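Labels run A, B, C and D following the written order; every chain starts at residue 1.
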Amino acid sequence: MSDRVAFLGLGAMGEPMARNLLRARGELRVWNRTAAKAEALRGLGATPCATPAEAAGGADIVMLCVPSSPEVYDLLTRPDGVLAGARPGTIVVDCSTIAPSASIQHERLCAERGVAMLEAPLSGGTVGAKAGTLTLMVGGDAAVLERVRPVLEAIGKNIFHLGGAGAGQTVKLCNNLIFAAQMVGVAEAYAILVRAGLDAAKATDVFLVSTADCTAVRQRVPVAGVQANAPASNGWAPGFATEWMAKDLHLAQEEAKALGVPCLQVSLDHQLLRIAMQMGYAKLDLSVVGKLIQDWSAGTPEPS
Amino acid sequence: MSDRVAFLGLGAMGEPMARNLLRARGELRVWNRTAAKAEALRGLGATPCATPAEAAGGADIVMLCVPSSPEVYDLLTRPDGVLAGARPGTIVVDCSTIAPSASIQHERLCAERGVAMLEAPLSGGTVGAKAGTLTLMVGGDAAVLERVRPVLEAIGKNIFHLGGAGAGQTVKLCNNLIFAAQMVGVAEAYAILVRAGLDAAKATDVFLVSTADCTAVRQRVPVAGVQANAPASNGWAPGFATEWMAKDLHLAQEEAKALGVPCLQVSLDHQLLRIAMQMGYAKLDLSVVGKLIQDWSAGTPEPS
Amino acid sequence: MSDRVAFLGLGAMGEPMARNLLRARGELRVWNRTAAKAEALRGLGATPCATPAEAAGGADIVMLCVPSSPEVYDLLTRPDGVLAGARPGTIVVDCSTIAPSASIQHERLCAERGVAMLEAPLSGGTVGAKAGTLTLMVGGDAAVLERVRPVLEAIGKNIFHLGGAGAGQTVKLCNNLIFAAQMVGVAEAYAILVRAGLDAAKATDVFLVSTADCTAVRQRVPVAGVQANAPASNGWAPGFATEWMAKDLHLAQEEAKALGVPCLQVSLDHQLLRIAMQMGYAKLDLSVVGKLIQDWSAGTPEPS
Amino acid sequence: MSDRVAFLGLGAMGEPMARNLLRARGELRVWNRTAAKAEALRGLGATPCATPAEAAGGADIVMLCVPSSPEVYDLLTRPDGVLAGARPGTIVVDCSTIAPSASIQHERLCAERGVAMLEAPLSGGTVGAKAGTLTLMVGGDAAVLERVRPVLEAIGKNIFHLGGAGAGQTVKLCNNLIFAAQMVGVAEAYAILVRAGLDAAKATDVFLVSTADCTAVRQRVPVAGVQANAPASNGWAPGFATEWMAKDLHLAQEEAKALGVPCLQVSLDHQLLRIAMQMGYAKLDLSVVGKLIQDWSAGTPEPS
């Protein structure tokens, strides 16, 4: 008999993921802090639940997707939370991006109740969530992953098992720090190009076939008009909001500190995103760091 | 009648470029500071010349490829230099990566003698030089470029016209600063992965299909054994030497300063490469910055 | 009748502070994790106690000096801790340097038991602790401070009231981040001087009467032999250990983040100290960052 | 017979220095690019000259004070410049802050004409220039310094001989990089204090007796009203303009690069001052970097 699935957290990522699960499975128990978002899926076959416990109680697999570790902890441990409702043998799949140490703690809390937990942070953004082509970076027991893999294939194209609890989160944070480094490099490069009066579109053509090629060049040139779908051409609409990347870079630094790894560039990039946030750009796509540096470049050069 | 071509500077990049020109054209006037390198091409049809002036005197197109602007200046202006030998109407193509301001100055020196100059810095490294698949970032007169394009197609697959003198150099420096940013991000990420005891090869598989995807991930994972052709698996043999990237980041900063663009990340990355140089890694591939950060990560974490 | 005082935590700072209190007051209840250190003070009139609760139970004022907030929390809340033994009306004075948010939390825990808490982080190092000339940066109720001021004057020369709970910690962290900035600046300057072959002692004479003048120049020139009492002339013995300054810079960053203040330099200095720690310098005086940069400067300069 | 002295460059520093020389010596040959400034000193006994050559021709000692090395070079070598007018045996004292390598080059140009040159960059700002209490960091021949010392004592209280040509400039740059490090640390600390709602004046009292004590705390607290004479209380009037400190940090980096010394903090501080310049603060006192960071701190903190 098929596994029954519950999905908790219908935000910008979770909502389209839930729709893909509904499309694939016909049914889904759903819960969201704001109940209206859960109700909205009823017409597609979803069963809105009043509490996380109720959602989990009728499910074999419980998926979570919320913004940060205190919310995961709360969803799991509140009096009407997942662990209050879940039967032993239930599997929790947490798609949130949080600190590896927090994820390890959550896995232990679940294990104490006989519940298995996988972490499965995502890459691919809202575009990938809608298309069902997300990348999942899974940490936890490999056999448990094989058990839930058919369910996860409704939301993701690439499902990687990376190690025990924490491993998926660590790889996710590393992925994001590399992406942030690209983005800041791209921001500085285009600020130079713009001030030099060069053609940003032509330069982009070069970068795409040279060593500069990277996701940030392919998707997020920070000059309006160069790429029709880039945030810069669409009022810096995310995409991936600056404040969330700032959060991830903070987590990456905490992980680096715990491991004894000095990370100068992550640390700098974090501060740059924080300056962007303080300029009012927190909710805009992280490529807005390009605007920040171009804003700084409108004055006069220093004396030599 | 076909243009006669001279090639000056048979270093790690120039030598395979000259071979490709010889293969395509059957003949080539060559000069190199160390004459033996020029002599070695005689068997392939090359005509070694005693001085830059002699090489230029019998050529319609004179190509240069040397490490830095003082050497370009010297090649052009010395008593037995290019401008002493070149007839009016000759075209100089300088493939060196140098400061845009220096390139603009060189173009003026040429113009005073009736010689046209294009700058055409390269991307693609020694691998691209051998394969004849380099990217050329051309600055200078567009009509002059069309005149020499058939010659350049023997060495490069992608030939971009980016604007007047200086434009090619600026785009090249921007390309390299983005690449350096990727590389430092990759260095920090893999130091975290290694210290966390995770499988670097599996993480690489994730990065290649996620936002971390970039040239540095594709070609230069800084952990031995993950990629057979990466410098890390081959004793950090370049590739692209740390000292040359340091030079380019310095030029990028000077250009940014002249334009009034604050560039915090380029500035940091430059310092990191300089530390790597001071550790004795100057001649090694720039991915050795990954080793630098892993070296720093062998101790104990700080108290909390 | 005079207040009875207890002192908990006889480390590098706490031990000489306890001696000064004993000298001034003739008696002192003492407790330390390693009991031998408490026993060693018996001859001076101290009363060693078996538990924090026992020490607090017989005291009107309970002073704490431990390395970090988990230890303060533990001392207060453990079953045989301060709050288990203290009567309502007792005053706790915490001399530890910890996060302002943690200190605020501790004050609330105390208040729930009718115990008043002051934070009083210190400046002056082991030298000031021995001489009784420490600076105390007090946060908490002003009237409570006036009540305990006579006791504190046995250990400190400058006792400042800076605001409510958290204010003293915040000022302390700000003090330390300025000191760290001086120290890193001094480290870079002397690395330049040494490599340039200049006389570091003469340069120091200049700095002491110029804008470079600061505590780091006065006490911690990172070249052996320039200052007889500086750590550099004494095998980098602390003074103020690198790992503790790293801790404080981390706390400063967390505070800055909570307040929405981007702090690029603190962030960089933190990473530099962490690199020093990873080189094995964690227990050495923070001026060892000067050695770190001189170590980096032994190689060859980059090509230009 | 007494040495005849000429003074070239009557800017913000040079003009009050010339007045002190006039006061001490009764006479002075003066030249300035804008002649009116030289004429204005005629009433005090000065002899305005039409060209640098004319000023130098009648002098035994020629003092220069201009903003940057191209101007020093021009003053020395132009057709009507110092070296065109000076007799062999003349002594040039250059008080400008410039690159050590440029100063060494200038000394050689002078030596070719039989003219001795000392570099003597200054510390003390316009306040010290007016009071005649400048610090002079002299590089060049020690015997030549002894010959001119009586003249220099009219402008400076502390006259240090630091080594041969370049040594004075190097020490000056090191002094300024330490001062900049203090200033950025102070900027970050007070941004935290202001956002935390604490009393900046009380915190300053603490810093002045703690390890944070430094010139930046003593003279340049970046909060209006704390110190009556600080730039922050006077519309950020310099003092020491941001653009000039940016210039000096650039020179310090070039010197560090030439010597093979990685300098991460100088590099960061340079970028911060450049951002301040781009915000329109170039002519304001460098303590305006405190305003820059406070400007960044007005928004909302990042999610955790």
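The rule is simple: a residue touches a chain if its C-beta (ideal position, glycine included) is under 8 Å from a C-beta of that chain, and two chains touch if they have at least 3 such contacts.
Note that the structure is a prediction, hence the values are computed from the model and not measured.
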{"item": "Chains touching both chain C and chain D, listed by label", "value": "A, B"}
{"item": "Reference chain C; chain at largest CA-centroid distance", "value": "B"}
{"item": "Centre distance in Å when chain A and chain D are each reduced to the mean of their C-alpha atoms", "value": "51"}
{"item": "Distance from chain C to chain A - Cα centre to Cα centre, in angstrom", "value": "39"}
{"item": "Centroid distance [mean C-alpha coordinates] between chain B and chain A, Å", "value": "36"}
{"item": "Residue numbers of chain D (touch at least two other chains)", "value": "250, 257, 260, 262-264, 268, 274-275, 277-278, 296-300, 302"}
{"item": "Of chain B, residues touching chain A in the complex", "value": "100, 123-125, 135, 137, 157-158, 160-163, 166-167, 170-171, 173-182, 184-186, 188-193, 195-196, 198-199, 202-203, 205-207, 209-217, 240, 252, 255-266, 268-269, 272, 293, 296-302"}
{"item": "Footprint of chain C on chain A - complex, ascending", "value": "250, 257, 260, 262-264, 267-268, 270-271, 274-275, 277-278"}
{"item": "Chain B partner contacts - residues on chain C that touch it in the complex", "value": "67-68, 70, 243-244, 246-247, 250, 264, 274-275, 277-280, 282, 296-300, 302-304"}
